[in-house]
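One structure coming up, written as structure tokens, with questions to follow.
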Amino acid sequence: MSGFGYAVDTFAAWLAGGEPGWLAVSVAVLAVWVLPLMLLVFPVAALGQILERKIAAAIQRRVGPNSAGLDGPLRFGFRLMLFFLPRERQDRVFKAFCNFPPVRSILLVSRRLGLGQLAADGIKMLGKEDIVPAGADGMVFRLAPYLALAGAFLPFCVVPFGQHLVMLETEVSALFAVAVSGIVVVALKMAGWGSGSKWSLLGGMRAVAQLVSYEIPIGLAVGGAVLWSGSMDLHAIVGQQYEPGVFSLLGWNALQTPFLAVLMVVFFVAGLAECQRSPFDMAEAESELVSGFNTEYSGLRWGLFAMAEYTEMLLVGALLATLFLGGYQSPIGEEWICSLAPWLEVPIHVALLGAKVVAVYLLMMWIRWTLPRYRVDQVMRLAWLVLVPLCLVSLFGIALTLLAAGGTEPGEPFGRVAARPRAALGWLGHLVGWAIPVAVGAWLVVMAKKKHGQVHPALQRLTGGRS
Amino acid sequence: MTLDASTPNGERMTLNMGPHHPATHGVLRIVVESDGEVVATCTPDHGYLHRSIEKIGECVEWPMFVPYTDRVDYVCAMNANLAYCVAAEKLLQTDPAATFTVPRRAECIRVLVAELNRISSHLVAVGAMAMDVGAYTPFLHGIAQREGVNDIFEKLCGQRLTYNYVTIGGVAFDLYDGAIDDIRRFLDQFEREMVRFNKLVTTNTIFRDRCAGVATVSAKEAVAWGLVGPNLRGSGVDFDVRRDEPYCVYGELGVQVPVGQAFAGRKGQVGDAYDRYVVRLLEIQESIRLCREVLKLLPPSAEKPNDPIGGIQADVGKLLKKPGKGEIHVRTEAPRGEMGYFLVSDGTKSLFRVRCRTGSFTAAGIFHHVMRGIFLADVVAVIGSFDVVVPEIDR
Amino acid sequence: MKALAFDAIATAVQARFPAVLVQKADNGQMALRVPKASIVDVAHFLRTDAQLAFDGLSDLTAFDTLKYPSTPPQDDICVVYVLFSYTHRHKVLLKVHAERAACDVPTVSGEWPAALYFEREVWDLFGVRFVGHPSLRRIMTPDDWEGHPLRKDYLYPATYNGVAHLRDGQHFEAAPPRSGGPL
């Protein structure tokens, strides 16, 4: 049992003063699971918007948000704290505090980073008029943003953040994550339909078509990891990727066979599509559909959609790390980290998972600000004619590898038992397992390039090559 | 690629795109009837930016119309100035009393600024098209480069958008000190920058696939529908007013004319959106070359402003007070294609009729023809690929 | 590719259509004056004849000859077609004069689809009704605008949808110019 499960039980028992009823359990669940998780995920997702703006600015050679610092919130805090003083006094104290050199430099840095933009945007969003269009289906319209956020947030319950840090431990947590994130589809459809606007409707339709299509590669990619690990429990999957010794990353799923590496790429691409991120942002393509399914939303409701998008990005990063990149484990010296005291080990593991998530996050932003958008038919073609066959081939390859290795045996979630295929394959088996698929893949790429890769001489001239 | 938009039960959705839509480049309104994602019919609606510039032209004196030509197409105001001034000069020169010639230095400066403005105009065109297709970054990179041109123009004539620089008989000001260095420096860095731009977006597979085979206009269609400029050349018609009916000093520069050749490769066709886009990029390259060439031809500045070689302004003041009667049709090559001026003079200080034929007008005219059976997402890409500038349509 | 001079084009057209006249403007700009009724035939001939091959309609516009200082004074709308041959690279101007009262000219949009838009503009601004045009609607001005602004006898409507268009109580054209210029 994970630490959280134990904490919930204890807390519920304490609340009820005996055998806990449903109310006590609900309160305990909220207090122990949901609240901390929200406090962890949502601020990060909100920070992501600032990060995205800064990154977009850097890619586009702009400055980005650089004026709103933390002075404003700070001043507000001073006003609250020193409510008993007259205003000039408050200001004088605040000024003196701000001129204190370390504070001053922190404020300057925060201004350069545009951190205050977070507060400013939040207040702006709260202050905006909450518009429900006349033609909208009010109930559906109002409900959609919350559902979207719920769908993006719920799968975090099964993501292991550390050795004993998983909110909801089930045998089928991988399936749970994929299934629950399907709520977003409903939410987007509701937003598109409920808005009573044609742009929203089109955006909603596109979103549903896209999300439903991309659930399949995602499911198959998750299936690959599940097949390899022999378990549907995300925690067990992470545990199975444990490798003693210095180079712990050798145990990660992505490095086991090239098929799992391919599945990781597929998962990432499909994940981009699930988050409605460019180049798959056709559901809210601002140059085509004004803003797609959230055209008619304003203020806080729109903010919830934005938050859902960023939360979902975090989710894709977390699942990708969990399934293929060793979860919360360190790339080197995991054995040593595990031997540390819990108060040290837990933060390190959470931070490591966070680092992996942020890496995926940054990659998504980089892609968004670089690539154009796919068209509807191309999005579908990519899903059904590229990703799904790729997944099937990879699944077949994984099955073959497992057959050669003599099946798999799930490692124990917390027992740190390395799963069997690795041991059974041996270094020669691994080498062959990598060499054959890589060679075939490279040959296919070369052939495809030879056949379709010619670039018109004029284009070569444009890109600085010889004409 | 053409899709079938015939629905079994005849249900179609009318989408009102614009006048305030992020991708319609101003206030263009397009009423799209679509079957889901597929466009069945499309009806452009114009006139939101009609400022009756032709009517104004009949009310103001000849030189007073030049600032209005800026507003005909504010993305390439220099070329718009030039088009009107060249036409007005040709009309003045048909008068036997006229003996002026535009000084050679002025002609060279005109070509210089026209080509620089062509660069900046095409940058907006290709950047905006990339943005319509969903890539936001190239647009801003293009705008950043356009600032370089605007800086030069600001030093030259004090304006960044509507220049009012080319006048009837020459140009308003001589090049400032160090202008040539500025221009050379800009061209050098810009050339490098364009390579990066092209690597970023032009050869991008997604971008190419989005534009390949979309809204193909055959050469025959392009000619019949009156497409001009890069849109015409994108369809493979080898015609450029600068080369075939040279004005200013274009005749001595040997203008190379790029035409569409199915640049997108396997999936592309001659005359698709990608060809139009690439032709613009090739024209940018050609403009860089022309700028460098014309700097070589530029004669040194003379003391007298109306010196026939080193001056900048022919003496046309007297002629403009009492021009001869008559009419003329002259066309020049603006970035959006030929800008034809049909001028009628009745011998008074103001023109009797000013007709300005612009490239975007006919480009908008073909919309309803090419936008049948394409995806809704491509509508914006097609608008971008034709590079319509709404003030030029509505005037 | 063989570019023809104006004379050769005129001869070729006149051999087929004797009613077509050569019209010389005051400054020597040459044009072919085509009778209203035969413009479509002439256009078809010009477009399809192998020697002429005017495949492009470079411009289609008009001007109002009222108030143009000529002897005898004219009073009609002159529709101008600028044809260009991309095959042979020659250009010719056609002119069709339409009376102010019965201002209708057959459409040439069957020959050059580019005329679809040009004719809409000429209809909007000059009130030339192009017979046979599939969708002759206003293009620049609003659909409920009155009059055709580029006609020389045009007066701005005093009001449009409740917005006054008068300057100093007078029609725009009749008002005395303010200091600084005619406008």
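Which chain is which? They are A, B and C, in the order written, and residues in each are numbered from 1.
In the analysis below, contacts are C-beta pairs under 8 Å (C-beta built on N, C-alpha and C of every residue); 3 or more make two chains touch, one makes a residue touch a chain.
Predicted model, so just to flag it, every value in this text is computed and none were measured.
**Student:** Draw the chains as points, connect those that touch, then say whether the picture is a line, ring, star, complete or other.
**Tutor:** line
**Student:** Which chain has its Cα centroid closest to the overall Cα centroid?
**Tutor:** B
**Student:** As a quick test, compute the distance in whole Å between the mean CA positions of chain A and chain C.
**Tutor:** Between these chains, centre-to-centre, one finds 63 Å.
**Student:** Can you compute the centre-to-centre distance for chain A and chain B, using the mean CA position of each chain? Integer Å is fine.
**Tutor:** Centre-to-centre distance between chain A and chain B: 45 Å.
**Student:** With centres defined as the mean C-alpha position, give me the chain B-chain C separation in Å.
**Tutor:** From the centre of chain B to the centre of chain C is 24 Å.
**Student:** Which chain B residues touch at least two other chains?
**Tutor:** There are none in chain B.
**Student:** Quick one: which bits of chain B touch chain A in the complex? Just the residue numbers, please.
**Tutor:** Going by the criterion above, the answer is residues 13, 15, 21-23, 36-37, 130-137, 140-141, 144, 194-195, 198-204, 206-207, 209-210, 258, 261-266, 278, 281-282, 285, 375-380.
**Student:** Could you list, by residue number, the parts of chain C that touch chain B in their complex?
**Tutor:** 25-29, 55-59, 61, 63-64, 67-69, 80, 82, 86, 89, 91, 93, 112-114, 116-118, 121, 125, 138-142, 149-150, 181-183
**Student:** Would you tell me which residues of chain A are touching chain B in their complex?
**Tutor:** That would be residues 56, 59-62, 198-199, 202, 205-206, 278-279, 281-282, 285-288, 290, 369-378, 452, 454-456, 458-459, 461-464 of chain A.
**Student:** For the complex, give me every residue of chain B touching chain C.
**Tutor:** Touch residues, chain B against chain C: 46-47, 50, 52, 54-56, 58-61, 64, 91, 94-95, 220, 223-226, 237, 239, 244, 324-329, 331, 338, 340, 342, 344-347, 350, 352-353, 355, 357, 361-362, 364-366, 369, 394-395.
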